[in-house]
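The chains carry the letters A, B, C and D, assigned in the order they are written, with residues numbered from 1 in each.
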């Protein structure tokens, strides 16, 4: 048996969570460093995964591990990564150290003079972050539906505490009001996702019932089900397949989030601290879109095709609706949240366009959106922590006093509006092209989203960064070294992936093609054949 | 040679990177570093040009693929360059004028504490613009296209502390984004039609695609061109863009970036030629804009905005020419180049005037400046003569050909287009004469200090504010570029026309057909001269003979409308801004009340239901006992039933 | 007569006891009714013992008695202490167990 | 009794059953319906005794005796003891306070009973083995053999349960003394300090007409003195007021003696109530 790399990648942050939680109350700094070290170790492991992953190898999954878990119900502890999984694991492992660094002071006790043996918010904060990381990583690696489900749902617990327990301190509210809004956001997050998970649970059970009925033994193994379906041993009745698909899709749509089940995201992102908001939108939500590709499409290709028109429309609504609402927001973090909804619309649109470009773009978009939103949100968080307000109207002329902050904010914003040359452009354009080649009208309508994106980003930048210097920001310090260390690598990545995304697409592409072949869809062919000779004009 | 093309883009890009990330260490040397980068790329351009001249007509094209950019399935976008005579022309114009304006900016921005960044942005612009004209596929062109948009955004809003500048920058970017939407849909359509969007395959295979498809692509490209080149209906941003520092207006909003639309139409000639309807749209846009811009230019008192109107109008000429097909491509590009010289010169002249006048931009507060700034006066004057098409100067050669080509379109269309072009020439003569007279002739209206309640000035650039203006000539770094550009305005057109040199140079790329004008070349020239004289005379009668009032008279309805950019902004405001605001506001409300409301309502009704259910839990043991007892009864019943079944 | 009649009697007594539990408020009487139910069960056990011809049913009834005794002891103790605290032996007065 | 009989019983047992079953049901109903707890307890004891007879009739000799000795003798006495402790005369109001409880209870009871009877009727219970063989070595010996072999663990555990129950009952009813008990001296000082009635309380049963504890002594003017009755009786409202009788008797006596002495008719005695 080979080294269980995938398990270890998830186990390291889990161990980190325990280690961080065990740090004595008084030694907050030690807790922070523990968390950072463990998250970096995870990053190293994710790097090893990437290095050992062979994009051209045959077979859907690599680095697989398989052990019996609950044999009575055919549950196996099965892990394995395809190109998409390994890249998203890497993204998660990459972002968490930045999240830890950015949240360095977010969970410091308000009054340092209240020493308590029991109350250890700092330790808890970082431990929960690592816990989320561990669960997200294993969700990306699970190839057993049951294992995936367990961690997909378990993720909610640490997230709930992160949102509800460590809110944003900004705003002119009393501590009680803030706590009430925080708790509202956390409960909303939990309820939405639990509702989604419940429906999914029903579908998971249904899947088991169908396999038990037809294969003789129930199984949750993705590979086995896909193989059985391929060889004709397993056949879903149309209605069953659609019902199961909807069950899975609903959970992922809530997580993603797709209009109209999106309203938990602005609350959660608004109330959580900026690093936690990054964790939500850049990492946790990706599990939803990832799972659409891995489970919805591969398990239920027929139903996926059947549902495509509706989902495309919903995705379009998400794109435009999210963007329009972002324009209308007065709160910086909520604005970014709505922008994320718009971007998730693009990702889902790309997935269900069922073209190589669309899905390739969508998977790349997951990575790029993770990085760009992380950059934007973290800079916004730094900004908010300086002034103590989330309202756009409370800022103005920041670029005069904190030019580096403003500059990084602008670059992150430009990435959000998909400026060519920055990473998200490539993916967004691929999604649009992929959609357009199958659904021209949808592609054209989605393009309106890029105009609206420019609107909300530039309005935000203009109102906060330019104009006469607001009295309250006059003494605002520029980015500190720690903060620059968070933002600069992200921006460098955005630039690099914008110019040279090939290292990522190279890994993603075979996985996307595999998915496409599972769904039995091929790209539409161009109307005019152009020979190679003609290319050389 | 291949590597040089890459360097051409990389050098200014590296300059931009160094200047933007370099920190305060580069504050002192930054301007010179930026200028050096521009100059180096100009030198590279010249080397490439020389190399190109050394080759035969058909071998002049140079294609380089640097690396695969986005390879996903059948979708292949490469970072590759395509250098032919057309792009070479642009390269020389961009780097040449660019270098001059860098040099000029050293003087102009000398007192601005953020000048390092200014030069960084300028270098960024150069890189993006070069990428735009050198790209060998539409997607890479799009990158450059948005890149120049970004640079334009940053430079218009360079004085960010002024809300007007920030707003203007945002507006420019947004309007351009609308155009970009057209561009990206066009690329998508190309991909679905041809399976590729590289220039070569698309343009060669264009004639095999259906006309409807081509028309769609062409119209979308036109939309993109309208955005970038400030053509009706996306012209509204250009006037506001004058909030940027004057060198920016000269380089980006006069000489280079705004002409990208012309480049796009010319480059995509094969597509447009396959879609006559789209060509009609192009010439219509061109004709309408050339009149629109000219009329706006007549009414503006702000010298830069008047020039901006003029730019719009001149680009209208170019678009018109480009829309005419092979008849007009060469002249469109020729006018583009000559316009690059004289309009940049005019803007630099305006900058020089403002530099000497405490950043006053209102021409009604100028007057009689020829005595104080002789160099500016002479170079501005030469630019003026060139733009109105004074015989022998650059503008004459290029504009005349366009008018001729417009008439050559034939039929009613030809007459309308030619008439519009002629009328435009007359108005051009009128408003440029107006600018000239109001600025350099007449009485000195700046003597009484400007009343403080009309602060229409650019208060920015450092400490040069307040007090009565002391008109003075600008430093040498500013005058030298002006002189060079003036020389260009005078001789470029002539040089190009000697032996039809320019035509022969470009013909292999764009192709050329001689139009047969119903009027004949001489008639057209005569007519042009006539309207020119008319326009100048009218302006002289109105502004030269009578003193110019220091505050603007109310004017006719047309004047008032023209002052407000022919109500375009008002339309935008009412329809788009207000409508959009209402839309977003109601959506925010709906999101809260409806979407969230449904969810919260569900939660509330569940809560209400459980409130009712809770009453069952009344705490009385006996009630619980009843339910237990009843439950046991039900169980027994169930058991019995199961046995019975 | 068939010994099944004992079972009918047992069912009847059990039901009467059950209804008594539901109707009476005096905790002591409620307890008595519970005892009645237990006794009804015991009767059934004894009858079953006779039916099957072995003594297991009687052993079970025996255990029931023991448990009933234990239950009565504790139950009455509870009643006494509740009465001491609240001066009432009504089960309705102890209705704090609600939301 | 012939316990070997398979499915029918002797006539004697049948008669006994039908007579005693009626008694048992009446007793059960009385348990439920009697207002006073004491009456309920007595009815229940009656039913239990009947059941003991039935046990005996069914060959469960040991259980029959245990039923009488332990159940009826000990447990029911425990009940009575608690009833006395709580208040023997406190009648239970039978008015229902929970809305719908009575109907629900009746419906549930009826449904449950019918279903139970139906269940029994539905079951195939035609064959009775009888206990002849099982009881051959003696019923008690048979039970003992089972209890100490097969059911020995259950037996031990019930033993533990019983002990636990005993301890539990002690714990529940035991009241820990939190303060030192006041001495007699302290009590008297307390009483004096409060200015309450210091002298010995009057004894009940004045004029020797009555000597019951619940009849207060009469004051010289004929009104009863509450002080003479124990506080418990007073609180329960069980004081018998005989003052009116006494006064009426007195008046009658005076009238008779007046008639006897032929005193003036116009002198009406004052104390006669109008």
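Here, a contact is a pair of C-beta atoms (placed from the backbone, for glycine too) under 8 Å apart; a residue touches a chain by one contact, two chains touch by 3 or more.
Here's who's who by UniProt: A = NADH:ubiquinone oxidoreductase subunit M; B = NADH:ubiquinone oxidoreductase subunit L; C = NADH-quinone oxidoreductase subunit K; D = NADH-quinone oxidoreductase subunit J.
Not measured: the values here are computed from a predicted model.
The chains that touch both subunit A and subunit D are B.
Averaged C-alpha coordinates give centres for subunit C and subunit D that are 17 Å from one another.
The centroid of the Cα atoms in subunit A and the matching centroid in subunit C are 62 Å apart. Separating the CA-averaged centres of subunit A and subunit B is a span of 37 Å. Between the Cα centres of subunit B and subunit D there is a gap of 105 Å. Multi-chain contact residues, meaning those touching two or more other chains, occur in subunit C at positions 18, 22-23, 25, 92. Taken residue by residue, subunit A touches two or more other chains at no position, since every residue touches fewer. Across the assembly, subunit D contributes 98, 101, 104-105, 108-109, 112, 116 as residues in contact with two or more other chains. Contacts between chains, counted with the stated touch criterion, involve the pairs A-B, B-C, B-D, C-D.
For subunit B in complex with subunit D, the residues that touch the partner chain are 618, 620, 622-623, 626, 629-630, 632-633, 636-637, 639-640, 643. For subunit B in complex with subunit C, the touching residues are 614, 617-622, 625-626, 629. Listing the residues of subunit C that touch subunit B in their complex gives 18, 21-23, 25, 91-92, 94-99.
Residue ranges on subunit A touching subunit B, taken from their complex, read 191-192, 259-260, 262-263, 321, 324-325, 327-329, 355-357, 360-361, 364, 397, 399-400, 407, 414, 419-421, 425-426, 429-430, 432-434, 436-437, 440, 443-444, 447-448, 450-451, 454-455, 458-459, 462, 465-469, 499-502, 505, 509, 512-513, 523-530, 534-537. Subunit D makes touch with subunit B in their complex at residues 98, 101, 104-105, 108-109, 111-112, 115-116, 118-119, 122.
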